[in-house]
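Once you've had a glance at the structure underneath, I'll fire off some questions.
Read from first to last, the chains carry the letters A, B, C, D, E and F; within each, the first residue is number 1.
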Amino acid sequence: MSTSHIDDWKAERLALNDLVMQYAGLTTKRFFSLDGQAYRPGALPASTKELLGLVASLVLRCDDCITYHIIQCHEAGVSSAELEEALSIGLVVGGSITIPHLRRALRAWDELQGAPSTE
Amino acid sequence: MSTSHIDDWKAERLALNDLVMQYAGLTTKRFFSLDGQAYRPGALPASTKELLGLVASLVLRCDDCITYHIIQCHEAGVSSAELEEALSIGLVVGGSITIPHLRRALRAWDELQGAPSTE
Amino acid sequence: MSTSHIDDWKAERLALNDLVMQYAGLTTKRFFSLDGQAYRPGALPASTKELLGLVASLVLRCDDCITYHIIQCHEAGVSSAELEEALSIGLVVGGSITIPHLRRALRAWDELQGAPSTE
Amino acid sequence: MSTSHIDDWKAERLALNDLVMQYAGLTTKRFFSLDGQAYRPGALPASTKELLGLVASLVLRCDDCITYHIIQCHEAGVSSAELEEALSIGLVVGGSITIPHLRRALRAWDELQGAPSTE
Amino acid sequence: MSTSHIDDWKAERLALNDLVMQYAGLTTKRFFSLDGQAYRPGALPASTKELLGLVASLVLRCDDCITYHIIQCHEAGVSSAELEEALSIGLVVGGSITIPHLRRALRAWDELQGAPSTE
Amino acid sequence: MSTSHIDDWKAERLALNDLVMQYAGLTTKRFFSLDGQAYRPGALPASTKELLGLVASLVLRCDDCITYHIIQCHEAGVSSAELEEALSIGLVVGGSITIPHLRRALRAWDELQGAPSTE
């Protein structure tokens, strides 16, 4: 039931985001702000937006981005069946080259299933 | 209100799919079958699945794939506001390099808005 | 000495940008604004920034983006020798898969050499 | 039985390669030479090397590169069954995003089947 | 003569594949089956198919996929000279961005050269 | 003020480059030579060429390549403001998918700021 792998990941992400902000000029700062804004609920609910971010990250094969959206999907109340269907679309679109990332996506998701959704 | 650009695109796609099937071995045939299956409604509705396919296609920057999913989103009853929010996530994830594809996605969508959803 | 290919390209780009703005929500609008801001001269001159945008576009293999930055490099006073050296870095980093885009980049550049830099 | 589409493609490629050489510095010239050298028969026969170039081009989704290697495979005596198996590996590795390129690859291959291998 | 790095890699891959199958729906299960089928000998021998998978993985820059196909090439009896020629095509097509993956590909290959081919 | 992470990275890179050269055929050897040549000062100074290599590596999302060019930029006398502006162009072109790489790029850069430029 441990989420320590994910907790470690979150801690490193926060520390490095602080470092980015120390160096960041206006363009970088505004991009980070925009990145947060894009996932706010609107015509589409937050859960759908997080699934969109997850599948985009899977086909572009970025493990950090996948981990981030896996956590966000969990917080937004996405079910395992919904998550798996979304990932399977990414698999078909992106091909077998996405499989190693799919494995790690489900490892992170599986870790979160043992943890209460409380942050 | 013309959809002739989209109609031409559909006709060429069908003709070339016929050609693929003339050459296709078992692996290719099964892949094409799997590609259709991935978008059937399940835990997620067809409209969400088409938006997932659309955003995956946008960040991977494939105009043909984008056109296909734009048509499928239209058939599945996606609204312009929902479509635009999904595309904006693809834009933020995939960056300015997706902009030319975003332009053509909205041109195809705009053509479809003038046409009754009847095919 | 004709630049009609580039002029046609510019006209279509403007028309489609207008269409994007008709559909655009806040995220998309802010992204387009940010995209313009990133290339304004700062610690690096505009010419260097345009070369950075050009090489990024070459290795990501987006013809529209390449054409845009080729025009911007021309306007910023980049020389043919500077342009070629930048493209050769993109060629080595991105490999032979970039060659078709390199060809079209130089076709656009060659067209611009016959035209006064006046827009 | 016409190969005019392929003939047009070859003519434009040659014209643009000439233009590249007019601008090319030493790095670009040496890269083009190296690109030719990589496909010469050695421990692997030319036909296998062309199939490797073709599948690499398919998963990277470059139509010009695919057309080039389709022609080279034809010249190297690759059979339709061998070509289709190679393409099906590219399809599985690269996913459905490669399908539009697979269609155009087989259109070019089909054109060549009607033509004697004489160039 | 140790292959412990590769043995560890194989063990983790198997454990995560088990996890994928626990969550997998029909689309994912069929994709995994198709992935195995694509490399079975047919018009092309297994060794050529594994080289195709390897070069596709190199230009798409997936270390896990590269390690997998390096092992498969070893089992299929590919020689070091054949492997190196195939990798050099991937290097030229995919550019210097593939070099870190090429280094790790040859590290895995070198480990396998000290081990009898017995699994 | 430790640069041990970067020192470790350099040591592994050198060891693996030696291994590559043990296996390398003529194509691979010539590619490595060309890779070095592309960054030599010419019409563009070394600092600009390293920034071009850095931004190309960022949008293609290769951590090893980014680390290499971060070190080279430091050696070439690039300032933190210049580096950040170049990275921000990569961020806008390549999108949020580049953010994890941007974080690690600035971590490497930050390590180098504590070290005298003496290698």
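Everything that follows uses one rule, which is that a contact is a pair of C-beta atoms (placed from the backbone, for glycine too) under 8 Å apart; a residue touches a chain by one contact, two chains touch by 3 or more.
In this text, all values refer to a predicted model and were calculated from it rather than measured experimentally.
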{"item": "Number of hops, chain B to chain D, where each hop joins two touching chains", "value": "1"}
{"item": "Furthest chain, CA centroid comparison against chain E", "value": "C"}
{"item": "C-alpha-based rotation, chain A on chain E, 0 to 180 degrees, nearest 5", "value": "120"}
{"item": "Same-residue or different-residue interface between chain C and chain D, half as cut-off", "value": "different"}
{"item": "Between A-D and C-F, the pair joined by more C-beta contacts", "value": "C-F"}
{"item": "Distance between the centres, which are taken as Cα means, of chain E and chain D, whole angstrom", "value": "24"}
{"item": "Chain centre separation (chain E, chain F; CA means) in Å", "value": "27"}
{"item": "Geometric centre distance via CA averages, chain E-chain B, whole Å", "value": "32"}
{"item": "Chain B residues counted as touching two or more neighbouring chains", "value": "25, 27, 31, 34-35, 38, 42, 56-57, 59-60, 65, 81, 84-85, 88-89, 91-94, 96-97"}
{"item": "Pairwise touch network: line, ring, star, complete, or other", "value": "complete"}
{"item": "Chain E residues within the chain F interface of the complex", "value": "61, 80-81, 83-85, 87-89, 91-92, 96-97, 99-100, 102-104, 106-107, 109-110"}
{"item": "Chain F partner contacts - residues on chain D that touch it in the complex", "value": "25-27, 30-31, 34, 37-38, 42"}
{"item": "In the complex with chain F, residue positions of chain A that touch it", "value": "13, 16-17, 19-20, 23-25, 27-28, 31-32, 35, 56-57, 60, 62, 64-65"}
{"item": "Touch list for chain C against partner chain E, complex", "value": "59, 91-98"}
{"item": "Residues of chain D touching chain E in the complex", "value": "34-35, 38-39, 42-44, 48-49, 51-53, 55-57, 59-60, 65, 79, 81-82, 84-86, 88-90, 92-94"}
